[in-house]
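Everything below concerns the one structure shown next.
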Amino acid sequence: MNHVLPDLALMPVIELSGVFVGALSGGLAAVRKQFDIFGILVLAWATGLGGGIMRDVLIGVTPPVGIADWRFIAVACLAGVVMYLFNPRLERARRMILVLDAGALALFCVSGTLKALELGAGAVAAVSAGIITGIGGGVLRDLLTGEVPVVLHQRQLYAVPAVVGAVLTAVLWVLGSLTLFTAGAAVVVVFGLRVAALRFRLQAPGPW
Amino acid sequence: MNHVLPDLALMPVIELSGVFVGALSGGLAAVRKQFDIFGILVLAWATGLGGGIMRDVLIGVTPPVGIADWRFIAVACLAGVVMYLFNPRLERARRMILVLDAGALALFCVSGTLKALELGAGAVAAVSAGIITGIGGGVLRDLLTGEVPVVLHQRQLYAVPAVVGAVLTAVLWVLGSLTLFTAGAAVVVVFGLRVAALRFRLQAPGPW
Amino acid sequence: MNHVLPDLALMPVIELSGVFVGALSGGLAAVRKQFDIFGILVLAWATGLGGGIMRDVLIGVTPPVGIADWRFIAVACLAGVVMYLFNPRLERARRMILVLDAGALALFCVSGTLKALELGAGAVAAVSAGIITGIGGGVLRDLLTGEVPVVLHQRQLYAVPAVVGAVLTAVLWVLGSLTLFTAGAAVVVVFGLRVAALRFRLQAPGPW
């Protein structure tokens, strides 16, 4: 690989942040469904780590870090416990899930693309892997709680920020400009796009 | 491998046709659920490429062509756009999904079995892989739209044509008689079986 | 590997028992949904083999035995046929699914952990793989029949026995004390825990 990310050591921080935030959204969805503490932990785990597990399986990294690295598992379970202890049972829960989900989406689609590129995947496969990392956990959360996945039915843009983030990361990589700073900027762009879509109800056109 | 498929170069055509037709059925299901354009694209992608992605993961081909080959992704997205632009909003939509689905089933169970055999999988694994390629996309489409998968609840034969097609392909391979012509004939047999089951309401026996 | 399981030759018996019992639970769920004979077979296959297939994919064993070994497929289909022929249509069906499911859970979380350890996975990955083997088939069964997975919404302990069984197996392995006898004891512990949870309504605390 001829592209060096000097502060690559900090990347796990980005990925673990995504796991924590994603797992929070899973734990909150579980609380809303009145699952017990273990159901909350399982859903936190699946939501926080599901996207990364799909990515690793798709690019041939076995066993995936989501089942092999105790830190990832611990962070996801911690998020579940936090949500169990401090669950607000508030009406704003739905909004909070959406914002947490936006954060995880942003962190995951950038870190997922990056990991695939580092492992030598081609640009197309890396972008796909990044998008799947970004949306996979939320899809799993929604399927497991009997909801239609937010990526499909949400009128406010959801897939588009993920695609933008993955493509941006791949382009920065190809240009040799991917540093922790630019990667962080890509995360901010994705998060901003998604939150703006929520805030200003930016809607994609539906069927005629 | 001692079995040669001289016109193997044409196989991608069969597989891409399956992707297009499967993605059309996914796009149509998305239109019926009133998803927006991006939901339609995601579901077209998942339906058109899901079965092949499962197959590739199961036989150890990573990254799967469904995420790595831009042609496959482009064809699936094209099918989504076509369905978005020309969606008929007609009552016959349900029937159209079923026929498109039959075409994808036929193309996928044959091409999926063949790909597994080419990659050195045993006959049992190849037949299983072919069946999963055939039914996987439709299962994913139905799960993602909150429906019980058609392969399970459809009284009209669905799994049987897929099994017939996969076994037929494997037998032809073992006999050394697999050419584009015989593979095409297997596709026609599967499609014919499935459409006949729909047309004549060939029902499998239910529980007593 | 420095840990030897002298009577390892008997392990397939444990695993095949799990497949049979898990597939029975899948077949019964299919009967309850009024699926036809082929829907019953597909769901029996998915429930009996799904957990093991997920495990194999996660630890890099391709193709998974669940698609490549005809004995596993035959046992799962046999269970489907048995359930089709002798389905009782009784009110106690729901309870029977739960007990069968407990048996499969116990057999799978022990054998799944063991298989991962034998293949050189680390302890954390092996425990995760064992848990996923244990709960995966049931999750698939519930998703495919449109139910919220029992592991999430069941108030009676479900994930806990699986975790106990996987951890117990890994500890016995590390201590070099894993024999067919101790593995069998672990299976009994998991099954006993789960059945006791059902019988005495041992409930995990829900959200406040």
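Letters A, B and C mark the chains as written, and numbering starts fresh at 1 in each.
Just so it is clear, contacts are C-beta pairs under 8 Å (C-beta built on N, C-alpha and C of every residue); 3 or more make two chains touch, one makes a residue touch a chain.
Keep in mind that this is a model prediction, so the values were computed, not measured.
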item	value
Chains touching both chain B and chain C	A
Between chain A and its twin chain C, rotation from the CA superposition, multiple of 5 degrees	120
Copies chain A and chain B touch via same or different residues, half shared test	different
Computed distance of Cα centres, chain B from chain A, in Å	29
Contacts with two or more other chains, residues of chain C listed in rising order	57, 60, 143, 146
Touch list for chain C against partner chain B, complex	30-31, 33-43, 53, 57, 60, 62-64, 67-70, 73, 84, 87, 89, 143-146
Complex interface listing, chain C residues touching chain A	57-60, 116, 121-122, 124-125, 128-129, 132, 135, 139, 143, 146-149, 151-155, 157-160, 203-208
